[in-house]
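So the structure is just underneath, and the comments pick up after that.
The letters A, B and C name the chains in turn, as written, and every chain counts its residues from 1.
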Amino acid sequence: MMTKDDLLKLVGDAMTKGFAVFAPVRQEGGLLLARTEDPGSIDLDHVLTVNTLKDVMLPRCETLVRFDLEKPGVTRVEEDAGRVLVFGSRPCDAAGLDILDSILIDQVRDERYAGRRARTVIMSLACSIFDEACFCASMGYGPHDATGSDVLVLPSGDRYILRAITEKGQGFLDELGVPAEAEAEPDKPPELERTVDISRIKEWLDSNFDSPKWKTVSDNCVSCGTCFYLCPTCHCFDIIDEAGISRGERNRIWDCCSFSGFTKMAAHQPRVGRPARYRQRVMHKFKYTVDNVDKTACVGDGRCIRHCPYGVDICEILNALVGEG
Amino acid sequence: MTSDRENALKQKVRELITGGDPDLIVGYGKTYAGDGVRPLFVRTASDADRLVWNDGCVHNLSTYLMREPCLEHIRKGGRVGIVAKGCDVRAILTLIQEKQIKRDSVHIIGVTCDGVRDTDGAEIQVKCRACPWQVPSVYDDLIGDEAEVRPIEGDPLEDIKTIEALPQGERWRFWTDALSRCIKCYACRQACPLCYCRECITEKSRPQWIEKAPSLRGNLAYHFIRAMHLAGRCISCGECSRACPVDIPVDRLTRYLSGTVEEAFGYRPGVDPDEEPFFVTFADDDPEDFIR
Amino acid sequence: MDEDLVPQTVRVEAIRQETPDVRSLRLVFEDPEFGREFSFQPGQFCLISVYGVGEAVFCISSPPAWKDFIEVSVKEAGKVTAAIHDLDVGDRVGFRGPYGNSFPYETMQGRTIVFVGGGIGLAPLRPLIWQTLSDRAKFKDIHIIYGARTVKDIVYKEELAEWQKRDDVKLVKTVDPGGEDETWDGEVGLVPSVLEEVNPPADSLLVTCGPPVMIKFTYVSANKLGFKPSDVITTLEMKMKCGVGLCGRCNIGSRYVCTDGPVFNFEEILSLPDEF
């Protein structure tokens, strides 16, 4: 059992041991999962950060190679191979990584993502609070779920229990000298208010690509990328070159299927119109990923609902799709 | 008073939709979870019963006019109804001035507005305190009373002036700090009723004018060019900043440039639907000589 | 498979102007060892990049038997293809690949093969045609039906002439109505209708590539001629960035063109949503 101060001291010790620490920190842009060198800056009383663990594992802009236009060849950009600790992110975000692992490691091994995953310890903070957008339990996870975490920090009264989930997590606790002790009883996980029944959605999607419901179900959507970029599992990317007169770089950046340019080729656009693009989003999460890696690409973190400027609500849409009429 | 307007609004929209013209009306409804407000597309009389009107009606619904399904509806000769506050009406009028839609294509259901607030805002928005458009300037139907107007308080450009007053280095730091957070989700552009280009300059690749990467350089290029494109066009609805997931006050850029245009040329967009837009006109007595 | 998205360097060894807007590039690997080890199957694709402009997907249009170099044929259509058209012999570009599946060469053997190409769509068929011809005895009849919009848009003119001369190949070439000129000695008509006139036996295997609309109508005609959907094979093009199933944009339903394709038969295609 640890107090909050013990926990933050542990994070400080990890920093001393050379871990680059990412944790929830209140900044100008809101509560963000960001690099911090001050354990005191970490906020443990939040529901969720605006951004997700994806920002650490699959950053929104990463340089793959640099080139000199006067010379042949490219230089692969090697990144800092140091160890990373993510502390205080939530179980839903860690579950998102579990889904990304299936896509970005198990199918084809994305070296950069896999490399970061291997040298990062995910120390999730189980939830004792939630908001009306949270629906992780409906997705098969829950406020205290351990999926994707290396260490799970569970609240118990005003103390915390540290539970190693993976070997890497146990190794981390050993290295930091956290003694093994008889585990106390954690608090009961809270009951979420929001539930959604997804038991019928896959079957419905299997046979309803052409349903007229797609035409109106996303009326409110204005085709921005907020829900994609704040989603723990959306991982589509673009590869772009940026160059000056003599030098340049090739970057991998986030991209999203709500933008019409996503599938537009010089002479052909296979996916026309906002309803078709919104359908791709739902299909990708609740059917295509299930077909390909046997996981639904949604963890119920609710960011897409919480941050949509126009009230698009995925739970409502799922209900409307499988519902009558 | 609010619920009076809500009832009047429901009744008016029900009447319109039952009459079949317009047969698509965008208003405000409750969020799915029930505690907030979001846009509601009304196609039937029973949809109309779900309309709400309260101080959470912050969205500028005219942004839907240039997007599916409203745009298709208008292209096919249909009319679209929009529930609009005075500030929103200015966006509609700007679209008419810029010949994007005809006045006849849109049925403006104006609502007298006491000011709106963000989901987590206790106070009404700053733009509302100093709002001279509490009663919409143009409408087909008006919900609420012409006389219900609050006194105008404060300066609508106060937040901009605060930044302008900073020394140059700090001003630069303010914007580079803010814009380095941008994740290029384009929520600001998509929320903007006047960002209606069929192909945004950010999407053009031959040549590629703007770096696509969400790096500081690419972000500055995007936001500064967007602001320039809204100079003399931004009607200060603030939707870009409200939509931003990482709280970048982008509206300060576009409002600033619209303020500059107003100061230099006395032009305000979206006031008179018959007025020529600022960028397609010039005056013989223009103080600059490059244009003559 | 491991993927770090870092390209190899290849040098442009020769350039052939096929049509006013199509060029074929002969590419040689800068790293000779990589070049020696490099192998691929007809139907596979690669990504060519002009540094500072970007990467784009092309099928490898030379057969595996042509050693020491590969060829790609590039139609100028967008930003990257325009930059490729600006290249000169000796310039260096990036190369990633080979990616994707390939034509089912083993199962094709012992059958009559009908190649149906349109415009630049002959490029992915070309390595397969050459491979088939080098194993000529393993196949029954070989038909090649090739169409272009106009006479000027015909690619691989010399090779078409060479195939036409052979007794063991039945080649029909066509241009779209209005695309003919006074020298034209082929058919005039759209590819799917020419296919119906040629009327190959329904137990043949049909391999087609061309513009999306041509592929769709070629299938309609093949279906009319009695072909089974599984005997009509095509190779699809979608916008791709990574080429290896990571970037998430080339899917048709649950299938990714980059990893499950680009080669599909119509039994598979008919089970996919119409979104390509």
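Convention: a residue touches a chain if its C-beta (ideal position, glycine included) is under 8 Å from a C-beta of that chain, and two chains touch if they have at least 3 such contacts.
All values reported here derive from a predicted model rather than from experimental measurement.
Between the interfaces B-C and A-C, more contacting C-beta pairs are found at A-C. When chain centres are defined as mean Cα coordinates, C lies farthest from subunit B. Averaged C-alpha coordinates put the centre of subunit A at 32 Å from the centre of subunit B.
Centres computed as Cα averages put subunit B at a distance of 49 Å from subunit C.
Chain centres here are Cα means. That of subunit A falls 39 Å from that of subunit C. Counting only residues that touch two or more partner chains, subunit A has 238, 240, 242.
Taken residue by residue, subunit C touches two or more other chains at 78, whereas all remaining positions touch fewer. The touching residues of subunit B, counted against subunit C in their complex, run 205-206, 208. Those residues of subunit A that touch subunit C in the shared complex are 64-65, 67, 69, 72-74, 76, 103-104, 107-112, 209-210, 235-243, 248, 250, 252, 255, 257, 262-268, 270-271, 276, 283-284, 287-288, 291-292.
By the touch criterion stated above, subunit B contacts subunit A in their complex at residues 31-33, 35-39, 41, 59, 63-64, 67-69, 177-178, 181, 183-187, 189-191, 203, 211-215, 218, 239, 242-243, 245-248.
Across the complex, subunit C meets subunit B through its residues 78-79, 82. Interface residues of subunit C facing subunit A in the complex, by the touch rule stated above, are 1-7, 9, 11, 30, 49, 51-55, 77-78, 81, 92, 94, 211-212, 237-239, 241-242, 244-249, 251-254, 259, 273, 275-276.
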